[in-house]
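Two complexes follow with chain A in common, the first pairing it with chain B and the second with chain C.
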Partner chain A sequence: MLSYAIRRLLFLPIVLILLALMIFALQMMLTPMQRLALYAPSPDYLKGGETFIRSLIDLYGLDDPFFVQFGRWIGNVVRGNLGWSETARMPVGQAIALLFPATLELALFSFIPVILGAIWLGTKAATHHNRLTDHSVRVFTILGWSFPDFVFGLLALMVFYGSLRWFPPGRLSPAMDAIVRSDAFHRYTRMNVLDAILNGNGRVMLDSLRHLVLPVITLAYVNWASMVRIMRSSMLETLRQDYVTTARAKGLTERKVENRHARRNALLPVTTVSGFVVAWMMGGVVIIESIFDYHGLGRFAANAAANLDFSAILGFALYFAVLLVIVNLVVDLLYAYLDPRVKLG
Partner chain B sequence: MRTIRQLLRNPLSVVGIVLLLFFVVIAAFSPLLARPEPYQLSPYQIPRDGFWQAPRDPGPGHPFGTTQGQFDIYYGIVWGTRTAFRIGLGVVLVGAFVGMTIGAVAAFYGGMIDELLMRLVDVFMSFPFLIAAMVLTTILGKGIYQVMLSLIAFGWMRYARVLRSEILHIKESDYVQAARASGASNRRIVLRHILPNAFYPVLVQATMATGSMVLAASALSFLGVGTEPGYADWGQLISLARNWIMGKGGNPFAYWYTLVYPGMAIFLFVLAWNLVGDALRDILDPRLRGSTHA
Partner chain C sequence: MKRAVLFAVVVLMLVGVAGLAQVKNPGTLTFLWTSDLRTMDPAYVASTPGSYAPFNLYDRLLNYKGEAIDEFIPGISRVVPSVENGLITQAPDGRVFYTFPIETGVYCHQVGVRASDGSIVWKAYDELTDAEKKDIVPGYGEITPSDVKYSLLRAMLLGFSWMSNAITDMFTGSQYPDVEAMALALGGVETMDEVDDATEAAVYNTLADKIAVRDDAVEIVLDKPFPATLGILALPFGASILDQEWAVAQGAWDGAANTWIDYFKPTLEENPLFAIENGSGPFQLEEWDRAEKKAIFKRFEGYFREPASLERVVLRSVTEWTTRRLQLEAGDADLVSTPVEFLDEMEATDGVTVLRGLPMVSTTNTFFLWPVQDSGNPNLGSGKLDGKGIPPDFFSDIDVRKGFCYAMDYDALINQIHLGNTEQARGPIVKGIMGYRADSPVYSYDPEKAKEHFMKAWGGEVWEKGFKLTAFYIAGITTWQSALGILQQNLSRINPKFQIEIQGVQWSAFSDLLWGGAEPGAALVVCNWGPDYSDPGGPLGAASYYLDMNGAVAGFSGSGYVDLIEDKFQPLLDEAWALVDPAEREPIYAKLQEMSYEYATSLFMWQDYTYLVERDWVHGYTHNAITYGAVYFYPMSKSE
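Up next is the complex of A and B:
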């Protein structure tokens, strides 16, 4: 198992380099002039006339052959210098480190209801196959799956913020934000709810929870669909296995058969999909973070993409690639643990 | 034929098919349903009724009201149906073609080529889809073709994976072995046995993806990197509604129509494709055969 993990990790640098190459190729679709403009600290910087601009292009080697430029670029990255992000106005590494806890907090709060709800609903639908419960669950999931998250989010804001004023956007209200930023408040993890508990500050905790409600509901609702479907069909398949019939035949109650024999095996495909969902959530949910003005990695990446802030785009993509490998590895190991038949080799 | 009969027997997929036909009719008759003004350069450009910022309520001339900048919502939704079909079908057809070619090459040649192509798939997959599409659209500039190209460039991978694994699976199956033993040529085995069977899972994928590609394109417009301003595109209508969700003068729902009509259009369109795709999957997946409505 250890050798399997190591082999998977050995592939990582290759994927990362190819990914960097791809992003660099995207950047090279722009002319040297456009690329110079992207890195200019201010518009005035480029007001020196044509010969001056030419000299800048030569100075930074923006006209050099592709791989010379790529080598220079990747050289910096390998030395740990991800560059400066103009969108975040700080070094890319620092921006990712600062925003990661926010995205992690959102993902944690959403993932737990998603997985528990999906297991529960999926099991219910499968054990009541083709009856009312099953049909309602199917309709609910397909509706959720087709509903655009940005429409859902805007409607939620209209009702719960515009009309009822219950759940505002952002991460904290201004007064609480001031408390969090003050010296008296220790930011252990930068996850607001957890930090508030560690500081024993109930008001900050309630305020951060209040800001989490709408993004968490939106995120959970759009993710339930796929998870419930997987759980339902895998539970249906398991319930038709011979060993389940055997368990029934030896006189176990239906409840025991479902809980002890069927469900455990039916959870296997759910594990795989959970991996995807976790990775996707931790990659920053671009739309939801943008709508609810939640300052996390997704919103940062979207701003970076819209402004062609390539250092930030690369930094974010590398972060996501590493995350993906780790999540996949954890899923594989978990799979081997849940299903003794699976041998990793 | 059997597939179509089964599709028509499942109530959910019938709803999907009816919805799809409804949208086809709207798209086909859009010049009649929403007549372009003679001064318009392109029928896809939504006509404006003045330059006032705040949306105006539904009324004569504007059955669904106007959105920010006085773009007519009804016109945008009718012509947006054509945009949705062009994006959904265009992206899926080209994406599936590219992906299937790569998947088939990987599966047939195996070895180094397979390894290389699959690592390429990995690399494309580890770049978050929406961000990647945003970057490419920003570089290419606003417009429907730029959006489509970006969605294709980062959306072909799943077809490659599905087709490759299906082919590898079928290659080892008993009936292909039987065909080989009875002396069928390689060409015949590939054309008659492997490709038709491997195609169905791709078809299911493609049907489901049509809806989600329209969602992705709308998301790009919503994030401000999609179509040109004023282009008849549902995502753009929603992004124009974004500033008005707080309403006015104590009534938060004052501008509900700017969000609800285009939102309904996207939702129903995606729902239609998902219903059909879902039913297709149940029908074509032999493991579930007999277990569902079909």
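Up next is the complex of A and C:
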């Protein structure tokens, strides 16, 4: 298993270089003037006229040949410098490092209920096939699937914050934010809930959780739809297998048949989809982040793309590529663990 | 029974009290916007959102007086110089002297304190005890005339922001638009890399010789009158004053004649003052979280005037409108950026006040560009007057331009698109700026006159064959799109062969259309443009921007437009700029405004405006058209 993992990871540099080349090539299809928009985002910056504009293009090397620009970027990356992000107003690496914990926190709090809820609901639906439970679960999931996430999120915000004032947007209330930023509070991970626990500050922890409720519910609900259906279908198919019939015939309780024999095999497709969901969440969910005023990697990447901030786009793409490779590897390893018939390598 | 009634009354009173809006976070004003601060360095700032930092964290020699765009109040200068008080004088050789007596006791947010080992340590002024304040090293964190000289020189020599380059223009009497042009000219070279030490020193000396430190005053000497001098020095950009000793300690330019080139045009990350500040303004930077796009300004208790009423100001970027709105309604935000289509709704919302129709000095117009790049340009269609395109110099014909001007329904623009919040632009000069006259001629929607002009245009070919062109606007600006929609419909009603395609493009593509080549890539665009001070002339003046051959509009409108301007407008502009007496200058600018109508240089549409949506417990906002709606938090407060 270890050698398989290492072999897979050896492909990573090749993937990253090809990805960077592709993005760089796309970038070079824009004219220097178009790429200058990142540094001159409004007419105010171009009042100096043609000479001034030309000097800005020269300053940022936007007219340099492709290989000069690419070579410059590669040289910096090798030295651990992903470049400067005009969008984030800081080095790309620093921006990703600062925003990653927020995205990770949201993903963790969302992923766990998504997976556990999907497995449980899908199992319940399958084992109560065509009965009220099954129909209820299916309606519940279809509703979730039909609801665009931004509509659900906005409605949830209007009801639970706008009307009830229960769950505000953002990550922390101003008072708790001031505590977190104070010298008395140590930001070990920049994940507010975990840091609050490590600092022994219950108020900050509760406030962080309060701010996570709506984004987590929104993310969970829209993802449950697909996951529950996959789990249900997989479970139904597994329950029809001969070995399950044999297990029942041997006198095992239905509970043991489901939990020990059927569910494990039914998890295989769910495992695959889970990998995609994790990767998607860890890439940042820009709509959720925008609605709930939650600054994570999703918004950063979206803003970078809108601003043509290619340093940031490249940096984010590399991060996401690494993430995808690792997630796919973990999924494959899990697959082999769940199904002994699957051989790695 | 009586007890029940009494109980009910008490409950009702309590409910009533609870229902009253209570000021949330009374000492903190939270502003949710969609913009972002770029830097804390005033010399680097060029845009309205960026100006929030220098505006509130720094001081200038002067400030604009309330809503007035041509009157000033003292800032770091104790007095506003004028001819009457003798602080503006003109020598027989034509040189003009401005004297600014500098306030004493103006401390910055951080001051240099002598430590026990003799070194100088920078500490927060507000945290010093009275005893520690005695250890402040003179000049270290205390604004002096030398700091004023340094700040102005630094802004010019950094050379990055056009707003700072305007100071160079001022000091060189418009001979050089920026230090780069000066250095290349003085050195007789083509690139800054070729500038030698002698030229470097010459540039410095040329500028430094114009600013003299005289005891407790700064004297600025200009070779000839520059009417916009006070206006430029009051702008919240490069004219903001910072402490030289602090700046140098952070790694900024040391003020020497032979080192400024090393600090010329830094990128954002190369600028040591990018993310830090040490102004003397009413607020100081408590935190700038660039990852979360949040800045917190804290009241400076040591401000040399009365400290601000607000303890804190929080600026946060929130892109989703509904989220901003909900936070405003909940009282978690006090000011929010609002799309114009929601103003009526917000006005009807409890606890919310809308300040409408706040004028700005810019106008939004449809620009005629000619000639257009013609090699393989799809925006020209066939490239000929055959009903399937236009020739590159389509708008060179004045009858075409006038036809377009008469085809626009200005009433619909003002009343339907802008809901009556503004008025029709009469030309490049707006109300309040010299040269504006309320009765100057303007175009009105007149399909018959439009038809008359189109029938004459291009020897009748326009009417007979029609045309097809693409008009551009910046994607997302719905009012610009709507304006083009009106024009499109009206033109096709006048003659069905007149076709306009409307295309919204991202800013990057839009800027490429206008500035990406020797000539523009499109014939018709909507954009807004406006001056940066109240004088109509000079590098940032309304008339200059539009009607100077080196102005901003000429810079993207094509050589045909430039030729027209050079021939008809430039002589008058130069004449007006050379005069000193407003009574002599005003008629010339008024004439230029009329000529912009006569020659239909652009299709002038509306005067830009802004608005403020705030909780009704917010008070003290003063709008000044020159600052384009940038909020100065000093006079503001929160109370029932």
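Assorted remarks:
Everything below uses one rule, namely that the second predicted complex is superposed on the first by the 312 of 345 C-alpha atoms of A that agree within 3 Å, B and C clash if a C-alpha of one lies under 4 Å from a C-alpha of the other, contacts with A are read in each partner's own complex, and residues count from 1 in each chain.
Methods note: contacts are C-beta pairs under 8 Å (C-beta built on N, C-alpha and C of every residue); 3 or more make two chains touch, one makes a residue touch a chain.
Computed from a predicted model, the values in this text were never measured in an experiment.
In the superposed model, A:L154 lies in contact with both chain B and chain C. In the superposed model, A:V193 makes contact with neither chain B nor chain C. In the superposition on chain A, A:G162 makes contact with both chain B and chain C.
Look at A:G48: by the touch rule set out above, it reaches chain C but stays clear of chain B. With both structures placed on the common chain, the touch criterion links A:S290 to chain B and to chain C. Once the two complexes are laid over each other on the shared chain, residue contacts for A:L308 go to chain B and to chain C alike. By the touch criterion stated above, A:M33 is placed in contact with chain C alone, chain B being left untouched. Once chain A of one complex is fitted onto chain A of the other, the partner contacts of A:Y60 are limited to chain C, with no touch recorded for chain B.
Of the two partner chains, neither chain B nor chain C is touched by A:V137. Looking at chain A, you'll find residues 30, 154, 157-158, 161-162, 290, 306, 308 touch chain B in one structure and chain C in the other. By the touch rule above, chain A contacts chain B in their complex via residues 11, 14-15, 18-19, 22-23, 26, 29-30, 129-130, 138-139, 142-143, 145-148, 150-151, 154-155, 157-159, 161-163, 233, 236-237, 240, 283-284, 286-287, 290, 301-302, 305-308, 313, 316-317, 320-321, 324.
Of all the residues in chain C, the ones that touch chain A in their complex are 25, 28, 30, 36-39, 46-48, 162-163, 165, 177-178, 180-181, 265, 267-269, 274-275, 287, 290-293, 314, 316, 318-320, 322-323, 326-327, 329-330, 332, 506-509, 511-512, 515-516, 527-529, 540, 550, 552, 555.
The touching residues of chain A, counted against chain C in their complex, run 30-31, 33-38, 40-53, 55, 59-60, 84, 86, 88-91, 95, 98-99, 154, 157-158, 161-162, 165, 168-169, 174, 181, 290-293, 295, 299, 306, 308. For chain B in complex with chain A, the touching residues are 12, 119-120, 122-128, 130-131, 134-136, 138-139, 211, 215, 218-219, 222-225, 238, 241-242, 245-247, 252-253, 256, 259, 263, 266-267, 270-271, 274-275, 278, 287-288, 291-293.
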